[in-house]
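So, here come the structures, one by one.
What follows is a pair of complexes built around subunit A, which joins subunit B in one and subunit C in the other.
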Partner chain A sequence: MQELITRAKELLADGTVARVLGWKAGDLEYNPQPAFFTNEKELEEFVYNGFCGANLSKYMIEASKLEGKTLICLKPCDSYSFQQLMKEHRIDREKAYIIGVGCKGKLDIDRIKANGLKGVTGVTGAELTDDCEELCVTTLYGDKKIPYADGMLERCSVCKGKEHMICDEQIGESKDTKTGERFAKVAAVEEMSSAEKFAFFQKELSKCIRCNACRNVCPACSCRKCVFDSTKFDSAQKANVDSFEEKMFHIIRAFHVAGRCTDCGECSRVCPQGIPLHLFNRKFIKDINELYGEYQAGADIEAKAPLTSYVFEDVEPSVVAERSKS
Partner chain B sequence: MSINNNSEFKPKIVAFCCNWCSYAGADLAGSSRLTYPADVKIIRVPCSCRVNPMFILRAFEKGADGVILCGCHPGDCHYTSGNFYARRRMTLLFSMLDYIGVENGRTRVEWVSAAEGVKFSATMNSFVEKIYSLGKNVRLEDLRCKN
Partner chain C sequence: MKKIAKEALPMLYKKIAEAKELIIPVKVCGQTNYKVWTEDAEVDLDTLKTVKSAKDAFFPQSETLYTVKKEDKKLHIEPEALKNQEFVVFGMKACDVQGVAVLDKVFLVDPVDSFYAARREHGIIVSMACHEPEETCFCKAFGLDAAAPAGDVVTWMVGDELYWNPVTKKGEDLTAMVAELLTDADEKAVEAEKESIKKIVEKLPYSNLSLEGWNGSVLDEKFNSPIWETLFKPCLACGTCTFVCPTCQCYDIKDYDTGHGVQRYRCWDSCMYSDFTMMAHGNNRNSQMQRFRQRFMHKLVYFPANNDGMYSCVGCGRCVEKCPSSLNIVKVIKAFEKKEEK
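What follows is the complex of A and B.
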C-alpha cells in the first residue's frame, strides 16, 4: 500500500495526473469506500487492503469529463469492467492513468460474520502485507482466528485470473485464490426441477427491498437514463405504480447487462439482503458460452458482442426445451 | 338457474406476429378458413426483432399463460437481419425463464411466412394445446411474494 501511495504522490506532483481515484477508510474498519484524492494531504487517508472490493471503473465515466488525467487503481477483475466501458465508449482511455494493483482475494464482512462471529470491532490480517493466510477478528466477545479464505467474497473463490486486462503499470503482488468452478452453482440450479427452481428464486428475490444498490454499483449499468428511473417505462408507466417493474426487476436488469456483464461480482457484494444476483448474470454468460462460443466481456475490446451479432446457423430457441432438465 | 363459476381454464395466449410474414400468414389462414383457437391474441409488430424481452415478461405479468413469437424464416427478414437478433435474444430469455422455474413450454418461437397459412394454424393449435396441458401460469406473478 505504501508503494502505491508514494507512486500516487509522485504522479500528482509531476503533473501526470490531476487526481487519484482509489479507496479511503470508511467509518468502520471493514468498509473502505471509493474516493477521489487531489493532493498529498488527502492521500493520507488512502487505503488498499482486503476490504477494497469496490470496483472503481464506473467512476471513470464521470472522471472522463474532468480536466486532466485521473490515476485509477484497478484490481485484475476491475480491469475487465474498465475495458468493457471503453468498448462501449463510456470512458476515455486518454483520461486515465491506470495502476494495476495486485490482489490476494477480497473480503466480505458478512461472510466473516457467518463464521459465527458477532460484535465485530476489527479485523487484522487484511492488510495484504503478509501471506494473508489468516485473519484475526476482534469482537466484543473476544478474538478469533479464521482462515483468510473463509472470509473471502464468493467471486474471489472463482476468480477469472490475476492478470490485468489493461494497465499502464503494476504495483503489488497477486495470489491465486481460485478454489471453485465459476459455473458450478448455476449448473446445480439447472439440475433442479422447475418447482424447485422457482422455490429457490422466489425465496431469494422476495428478500429484495429495491434499494437499487445492485444497479447503482454495476459498471455495465451506465445508462444515462435507466428504465428504472424513467417516468415513461419502456413498456409500462411508472405513474401506475409499477408492479411489473417490481416483479421483473432482477430479470430485466440481468438481461440489460447480458453479453456485457464481466462477472465482476459487485451486485452480489453490495446487496444488503445477500441475494446471489451473480447467479442471473452467470446464467447468461454460461448460455452464451455454450450456445454462441466462449465469450468474456471486457477481455477483448475488438471481439463481437454476442447479442449484437449472429451467425446464420445459430441454434433455434427450441434448444431451451431440449436442454432443460426440468 | 345456476351461476357459472367460471372454473374452466381458458388460457390467455399472446402471439407477437411480424407484419411482413406471420401476420399475413394469419390472414391467409383466415381467408383459407383454417381454424385456430380464439385463446390466441395476436399483436402485430413491425419485425420479430421489435419484441423487447420485456414485452414477453409484461405479457406474462398481465396474465398471459403462454407467449409465442412468430417471424420470417431466417434469411427472409424484411429488414435483412432482425430475426437473427431476435433469435439470440429469445433463446437467452427463454433459457432464463426456464432457469427461474417458468415451464419452458410456455414460450415458443416459430418462423411462419406469409404463404404459410396452414403452418400458422397448425402452430397455434399445437401451442394452445400445450398451454392447456400446462394450466394456469402463476409463477411469474408470485416471483417476489414469499413471506
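What follows is the complex of A and C.
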C-alpha cells in the first residue's frame, strides 16, 4: 500500500495526474469507501486492503469530464469493466492513468460475520502485504481466527484471473483465489425443473426492496437516464407493489447487460438482501459461450460482441426450443 | 414480570396468531425481515437487526389507497379499507420503536394520515432488549437505552427464557390473552441482563458519537458548508439507506394501470432518486450533492427544527451496514466534527 501512495504522490507532484481515484480508510476496519484525492495531505487517508472490493471503473465516467488525468486504481477484475466502458465510449482512456493493483481476494463483512461472529471491532490479516491465509477477527464477544477464503466475496472464489486487461503500470502482488467453477451454480439451477426454478427465483427475488443499488453500481448500467427512472414508464419503479421485480425488473436488467456484463460481481456485493443476482448474468454468459463461442466482455478492446454482430454461422433462434427439448 | 421458556415460544406465536396477525422476524434465503407469521416460518430472534426495519408494519413500502374501476361509462371508486383488526409486532428493538415515535410526528399531526393512524391504533408492540448490541449500533447517541426499549410489552431474552413485562393497557390485554403460557418471574435475571447490555453499549465504537453542533438552528451554516461537495462523491444514488431506515418517511403516489381501471397506490420514495419531488417545472434538487445533503439535513437539522429538537435518526446503524459505498450518517457527523476542529 505504501508503494501505491508513494507513486500516487509522485504522479500528482509531477503533474501527470490531477487527482487520484482510490479508497479511503473508513471508521471501522472493514468499511473503506471510494474516494478522490487531490493532494499529499488527503492521501494520508488512502487505503488498499482486502476490504476494497468496490469497483472504481464506473466513477471514471464522471472523472472523464474533469480537467486533467485521473489516476485510477484497478484490481484485475475491475480492469475488464474499465475496458468494456472504453469500448462503449463511456469513458475516455486519455483521461485515465491506470495503476493495476494486485489482488489477493476481496472480503465480504457479511460473509465474515456468517462464521458466527457479531460485534466485529477489528480484522487483521487483510493487508496486501499479508499472506492472506488467515483472518484474525476481534469482536465484542470474543476473538476468532477464520481462513481468509471463508470471508471472501463469492466472485473471488471463481476469479477470472489476476492479470490486468489494461493498465499503465502495476503495483502489488496478487494471489490465486480460485477454488470453484464459475458456472457450477448456474448449471445446478439449469438442472432444476421449471417449477423449481420459478420457486427458487421467486423466493430470492421476493426479498428485493427496489433500492436499485445493483443497477447503480453496475458498470454496464451506464445509461444517463434509466428507463426505470422515467415518470412515463408504467411500472412500479420504486415499489414492490405488484411483485414486478420478482418477475421483470431483474430479468430486464440482465437482458440489457447481456454480452456486456463482465461478471464483476458488484450487483451481488451491494445487494442489501443478499440476492445472488450474478446468477442471471452468468446464465447469459454461459449461454453466449455455448452458442457463439467463448467470449469474455472487457477482455479486449477489438473483439466484436456476439450479440451485436452477425456472422453467417450464428445459431438460429430455434436453438431455444431445441435446447429445452434435450 | 412474567416469563416463558424459549422452547415454548412457538406455542406463544401460535396462540397470538389464532387471534391476531403476528408480525415477527423471519428468515428467508439467509436474510431476516419482519413477516407475517405462519406455522412453517423460520422465526429468527437471534439476528439483532432485520435488514429492513419494522417500519413496514405501520407504513408499508407500498399500499393501495383506492381502486378505480370502469363499468360501462361509469367510474367506480373503491377506497381501500383501513386496518380494523389488531395485530402484534414482535421483537422490535429500542431503535425501531423510537423510529415509530418519529413517524408519529409526521403522520399523526394534522392532517392525520388515516391509513397510518389505523395501523397505529390496532398495532401492539412487543419490544425486545438487545441481548448483544453490535459495532454498528449508536442508539445511545440519541438517548435510547438498548436494555430498556419502549413498547406495549417489553421482553428480554435471558438464557433459555424470555422475560415478559406488559407496560400499557394494550400490553396488559395481550398478556391476559396468553396468560396460560406465562409464569410469574422476579426481576433479578432481567436486572442482570440490563447491566450486561449497558456494559457492552459503553464499549461500542459509536456510542460516544457527539451530536454537538447539530440542531434545528444551524440550517444556513450546515447547508452552505463546502464539506458536502466532497462527502457525496462516492454516493451511488441508490435508495438502500432510505429503504432500510426506520424513520425515512417520504413517499410517492402513483397510478397502476390495471387494464380496466386504475389502482392508486403510494410507495416509499427516496430523496436519493432523481425524480424525487419532481414537479411540472422540473426538480428543485438537480444534483446528487443536493440530494445527498437533503437526507442528512432532514434527519439532523430540519426535523429537529420542526419537532422540538427530536432527531429523525435513531442510531440503528442499518445504513452503516448496508451502504454499497460505505457512506453513512456517522461518517457525515464525523466529517463535520473533523472539519470544525481544524
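Just so it is clear, the second predicted complex is superposed on the first by the 307 of 326 C-alpha atoms of A that agree within 3 Å, B and C clash if a C-alpha of one lies under 4 Å from a C-alpha of the other, contacts with A are read in each partner's own complex, and residues count from 1 in each chain.
The rule we apply is simple: a residue touches a chain if its C-beta (ideal position, glycine included) is under 8 Å from a C-beta of that chain, and two chains touch if they have at least 3 such contacts.
Predicted model, so just to flag it, every value in this text is computed and none were measured.
Overlaying the two complexes via subunit A leaves subunit B and subunit C side by side, clear of any clash. Within the superposed three-chain model, A:K118 lies in touch with subunit C and out of touch with subunit B [touch as defined at top]. When the two complexes are overlaid on their common chain A, residue A:S206 makes contact with subunit B and with subunit C alike. Contacts of A:A299 after superposition on the shared chain: neither subunit B nor subunit C is touched.
Of the two partner chains placed by superposition, only subunit B is touched by A:F280; subunit C is not. Measuring from the middle, so to speak, at the Cα centre of subunit A, the directions to subunit B and subunit C differ by 90 degrees in steps of 10.
Of the two partner chains placed by the overlay, only subunit B lies in contact with A:V189; subunit C stays clear of it. Contacts of A:I171 after superposition: neither subunit B nor subunit C is touched. In the superposition on chain A, A:N216 makes contact with subunit C only, while subunit B stays out of contact range.
After overlaying the two complexes on the shared chain, residue contacts for A:E316 are found with subunit B alone; subunit C is out of touch.
The overlay of the two complexes leaves subunit B and subunit C separated by a minimum Cα distance of 7 Å.
In the superposition on chain A, the residues of subunit A contacting both subunit B and subunit C are 203, 206, 234, 236. On the side of subunit B, the complex with subunit A involves touching residues 52-55, 57-58, 61, 74-75, 81, 84-85, 87-96, 98-105, 107-109, 139-147.
Every residue of subunit A that touches subunit C in the complex is listed here, in rising order: 26-28, 31-36, 54, 59, 118-121, 139-141, 203-204, 206-207, 209-213, 215-217, 225, 229, 231, 234, 236, 238-242, 269-270, 272-275.
The touching residues of subunit A, counted against subunit B in their complex, run 189-190, 192, 194-203, 205-206, 208, 234-236, 243-244, 246-248, 251-252, 254-255, 258, 280, 283-284, 287-288, 291-292, 306-308, 310, 312, 314-321, 323-324, 326. Subunit C meets subunit A in the complex at residues 28-31, 33, 48, 51-52, 61-62, 64, 132-136, 200, 203-205, 230, 233-234, 236-240, 242-244, 252, 254, 256-257, 263, 265, 267-270, 273-275, 278, 320, 322, 324-327, 330-331, 334.
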